[in-house]
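One chain, chain A, links the two complexes that follow: it is found with chain B in the first and with chain C in the second.
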Partner chain A sequence: MAQFLQQIVNGLSIGSVYALMAVGYSLVYSIMNFSNFAHGGVIMFGAYFGFFAMTLLKLPFLAAFALSFTGTALLALLIERIAYKPLRERRAPFLYFIISAMGASIFLENIVIATIGPTFRTYPKVFSRTAIALGSIAVGRLDLIMFFVSAISLALLVLFIEKTKMGKAIQASAYNMKAAALMGVNTDQIVMIVFILGGILAGIAGVFFGMKYTVYPQIGNITTKSFVAAVFGGLGSLPGAVLGSVLLGIIETMVAGYLSSQFRDLIAFVILIAVLVFRPSGIMGKISEEKA
Partner chain B sequence: MDAYLEGILILSGINLIAVMGLCLLTGFAGLFSFGHAGFMAIGAYTAAIFTKMLGLPFVFGIAASAVSAAIVSWLIGMATLKLKGDYFCIATLGFGEAIRLILDNFQGLGGSRGWPGIPASSTLLNIVILDIIGVVLIANLVRSRHGRNMIAVREEELAAQVAGINTYKYKMLALVISAAYAGVAGALLGHYMTFIQPKMFSMVKSTELTIIVIFGGLGSISGSVIGAVVLTFLPELLRVVDKWRLVAYGMAVIAIMIGRPRGLMGGFELTPASFRKLFAERKAAREIKAASRLYSDDDSAQGAGR
Partner chain C sequence: MLKVDNIHIAYGGIKALRGVSLNVQQGEIVTIIGANGAGKSTLLNTISGFLKPSRGTVSFRGKALPKRPDLIVRDGICHVPEGRMVFANLSVEDNLLMGAFLRKNRKAVAEELEQVYQIFPRLAERAQQSAGTLSGGEQQMLAMGRALMTDGDLVLMDEPSLGLAPLLVNTVFEIIGKIHDLGKTILLVEQNAFKALAVADRAYVLEQGKIVKEGPACDIAADPAVKAAYLGAESRAGG
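So, the complex of A and B:
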C-alpha cells in the first residue's frame, strides 16, 4: 500500500508538469485546429533560459524563473508571427501549419545544438534534495513545489479564461473563429494571447523539467508525451488536457514501478493508439466533426 | 565507381523509394504521416528475418517486407482513417514511436543494441531497378482513375464524397501502397548497412522523408525524385557546416510553407511530353520573332519605296 501511494505521489508530480505542456498544446489546438509541434522547442528553450539565467547571470531562482517564462512567451509569439501568421492570412489548410511547425521545431532544436552544443547540463541545486516524510511515503521537495506551482498556474489560467472578457473571447474563438470575428472579437489578438499563454506555461514546464532531470537539446521530444496526454484527455479541452496528463503520469509511474521501466515510454503510445481507436475525442474532448 | 559516391547514390535510391510512397500518400491523397520510419523498420526487420534467419533469397525478403508493412498499415488505417486528418497524423506518430520502442525492448532481434550480420545484398543495380519500377508504378497509378480519385479526396474530401467517391477506400489504398514502399526501402537499407537498430527508424527519419516530399512539391512525382536525390546529396556537400545543416533545413521548411507552398516542382511534372511542349513553345516563340522581323522589314521596305 505504501508503495502504491508513493507511485501515486510520483505520478502526480510528473503528471502536473505534463499538464503544463499539454495545456499549451490544447490551447493552440482549440483556437487554430492544428497540432503545434514547435511547442516542444519552446519548452526546451524555457529549460535553457532558466539554466543560463541561474548559471551565467547568477540570478536567484525566482528571477530566473520569471525571465524564463517571459522569454518563452516572447518566443512562442515570435514563432506565431513568423511561421503561422502568413499561413493564417492565406487560410492555408492545416497540413501547412503542421509542416511549418515541424520546420520551427527542427530549427529550434538544431540552433541550440549548433550554438550551445548537445551536452547534457544539470541545474544548480535550488531545493534541498532531502525528501519530506509523510507517514510511510516520501515526497521530494522539488516534486511538491512542481505540483503546487503547476496547479496554481493552471488555476490562474482557468480563472483568466472563465472570468475575464478576454477569456470569453478566447472561448468564443475556440467555438467558432469566424462568428467570433463577426461579433467584433479581434481574432488576431486572440491568437497572439493564446500563444503567449502557451509560451508562459511552456517556460514553467521547461524549468521544472530541467530541474528534475537534465537540460539537453532533445528535451522537446518529451512533449510528444504531453501531446499524447492532450489527446488522451481530449484535444482542445483544457480540463481534459489536465486530467489526461495526470492520469498519464500516474499510469507511467505505475508501469515503471510494477512492470518494468522499459515499458514506461511504450505505455504512452499504447494509450494513444487505444484512445484513437476507441474514443478519438478523448475523455472529455469536444466531438470531432469535419467542419464543412 | 568511387565507393563514397556509390554509397550516397545507394542511399538516395533507398530514400527515393520511401519518398515515392509518401509522395502518393501526402502529395496525392493529402494524408500526413509521422510514422513512415515505423513501416521502414517493419520492412527492415522482416526482410532480415527472411534472409538472415531463414536463409531465403533477397527477393523474398523484399516481397515480405512490402507485404508485412502493407498489412500493418491496413490495420492502422482501419482504426484511424475514418478520423479527421489531424488525428490520423497523431496516430501515425504514436504507431511509429510504438514500433521503435517495441523493437528496442525485443531482445530476440537484438533489442536496442541493434542486429548485425545482415547479408549485404543491396547493390546500386538492384536499387536502381526497384527505383524505376517504383516510379513507373506510381506515375501510372496517379494518372489512372484511382489516382484522380485520390486527388479529389485531397482537394475537397466532402465534395469528393458527394460526387460518389469512396474516400475511405482511396485513403486506405494510398496508405497501404505507401507503407509497402516504405517497407521495401527499409529492407534495402538494412541489407545495405548490414546492420539495423531501432534508433535508425525514429521520428526524425519520418520527418526527413516528409520534408523531402514537401521540398520536391506536393503532388509532383518528378519533384519527389529530384528532392530525394538533392536532399540526400546536400548533407554530404554540407559536411563542413554540419552543425548548421539542420538549422538551415528548419528555416527552409518554414520559408517554403510561407513563400512557395507548392515546393520545388509544385504539381508540375518533368515528362517527355512536358519537354516536348517546352521545346515547341521555344520554337513557336522563335518563329513569331522571325515572322515579326520579316514583317517589320517588309514595313520599312514599303516605307522606303513610297
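So, the complex of A and C:
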C-alpha cells in the first residue's frame, strides 16, 4: 500500500510537468488546428536558459527561472512570427504548418548541438536531495516543488482563460476564428498571446526537466510524451491535456515500479495507439471539431 | 453611408464578383437578392474585410475601410454571418458579451444586454445555457443579438432566415424591423426574396457576380423577370 501511494505521488509530480507541456501544445492546437512540433525545442531552450542563467550568470534560482520562461515566451513568439505567420496569411494548408514546425524543431536542436555541443549537463544543486517524509511515504523536495509550481501555473492559466475578457476571446477564437474577428477580436493578437502562454509553460517545464534529469539537446523529445498525453486527454481540450498528463505520469511510474522501467515508454505509446484506435477524440476531446 | 465601388473578387480562377457597385444610405434597409452562388456572401465578406478585392474600393462614411476585420467592426459595421457561427463552447450570455468585446463602458454594455434580452426573450431564458444546445432558430437570434452588442450602426445580415420553419422566418423578419427601429442601417442578403423585398426600402439583384437590377424594393418586387426568377420560386423554396 505504501509503495502504491508512493508511486501515485511520484506519478502526480511527473504528470504535472507533462501537463505544463501538454497544455502548451493543446492551447496552440485549439487555435491553429495543428500540432506545434517546435514546442519541444522551446522546452529544450528553457532548460538551457535556466542552466546558463545559474552557471554562467550566477543568478539565484528564482531569477534564473524567471529569465528562462521569459526567454521561452519570446522564443515561442519568434517562431510563430517567422515560421507560421507567413503561412497563416496565405491560408496555407495545415500540412505546411506541420512541415514548418518540424523544420523549426530540427533547427532549434541543431543550433544547440552546433554552438553549445551535444554533452549532457547537470543543473547546480538547488534543493536538498533529502526527501520529506509524509507518513509512510517519502517525497523528494524537487518533486513537491514541481507539483505545486505546475499546479499553480495551470490554475493561473485556467483563471485567465475562464475569467478574463481576453481569455473568453481565446475560447471564442478556438471555436471559430472568423466569428471572433466579427466581434472585433484581433485574431493575430490572440495567436500571439497563445504562443506566449505556451512559451511560458514550456520554460517552466524545461527548467524542471533539466533539474530532474539533465540538460541535453534532445531533451525536447520528452514532449512526445506530452503529445501522447494531449492526444490521450483529447487534443485541444485543456482539462483533457491535464487529465491525460496526470494519468500518463501515474501509469508510467506504476509500470516502472511494478514491472520494469524499460517498459515505461513502451506503455506510453501503446496507450497512444489504443486511444487513437478506440477513441480518436481522446477522453475529453471534441469529435466534430477535429480538423488536423 | 456605405459605398461599394466596382469591386472584383476571384477565388483562384473562379470570378465570384465582377464589378459590383452599390450604396447604402443611413437609416435604410437595403436587400441583395440572388440565387445560390451569385456572390452574396462573398460581397458581405469583402465589406467585412475577410476578402481583398483585386479591383475596386469599399468606403464607409466617406472613408476607405481599414484592412483588418476587427478594425472594421470598431468603425461600426457588424456582420451576422451565414450559418450563424455562434460560439457553441460558450454560454449564451458569454456569446453576447463577446459582441461587446471592444466596448469599454460597462454600464452601456449592461444596458445593451438588457435591450437585447428584451428583443430576444428566449435568449434571456437561456442565458447560462451553452450556445451549442440552442435550436437553429435560437442560434440565429443569438447571432443577431451578438452583432447588436457590437453597437455597430450598419448591420450586415447573411440569409438570417435560412433553414428556419415558416413561423420563425416571420419572427426573424419582425426582428429585422425592430433592429431597424433602433436606428440601425441594414444590408440584408436573402434568398427569401418575397419577405426581403417586403421589408426593404431598396433592392439589388445579384446574378453570377454582377448587379443586374436595382431600384426601390416595390419596383423590384413588381418586375416581371424578378417575379419569374425569385418570387415564383418562393413557394417551392419555402423560405
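Everything below uses one rule, namely that the second predicted complex is superposed on the first by the 287 of 292 C-alpha atoms of A that agree within 3 Å, B and C clash if a C-alpha of one lies under 4 Å from a C-alpha of the other, contacts with A are read in each partner's own complex, and residues count from 1 in each chain.
Here is the rule we go by: contacts are C-beta pairs under 8 Å (C-beta built on N, C-alpha and C of every residue); 3 or more make two chains touch, one makes a residue touch a chain.
Just so you know, these numbers come straight off a predicted model, no measurement behind them.
By the touch criterion defined above, A:L272 reaches chain B but does not reach chain C.
Looking at the shared chain after the overlay, A:V185 reaches chain C, while chain B stays out of its contact range.
By the touch criterion stated above, A:L5 is placed in contact with neither chain B nor chain C.
Chain A has more of its residues touched by B than by the other of chain B and chain C.
By the touch criterion defined above, A:F107 reaches chain B but does not reach chain C.
In the superposition on chain A, contact is made by A:V228 with chain B only, not with chain C.
Of the two partner chains placed by the overlay, neither chain B nor chain C lies in contact with A:L156. With both structures placed on the common chain, the touch criterion links A:L259 to neither chain B nor chain C.
Contact residues of chain A toward chain B in the complex are 33-35, 82-83, 86-87, 92, 94-96, 98-100, 102-111, 113-114, 221, 224, 227-228, 231, 235, 262-263, 265-266, 269-270, 272-273, 276-277, 280, 288-290, 292. Touching chain A in their complex are the following residues of chain C: 48, 50, 68-70, 73-74, 78-79, 81, 85-90, 94, 97-99, 101-102, 146-147, 150. Residue ranges of chain B in contact with chain A, taken from their complex: 26, 30, 32, 79-80, 83-87, 89-91, 93-95, 97-98, 101-102, 104-105, 157-158, 203, 207, 210-211, 214, 243-247, 249-254, 257-258, 261.
Note for the complex: chain A touches chain C at residues 165, 168-169, 171-172, 174-176, 178-188.
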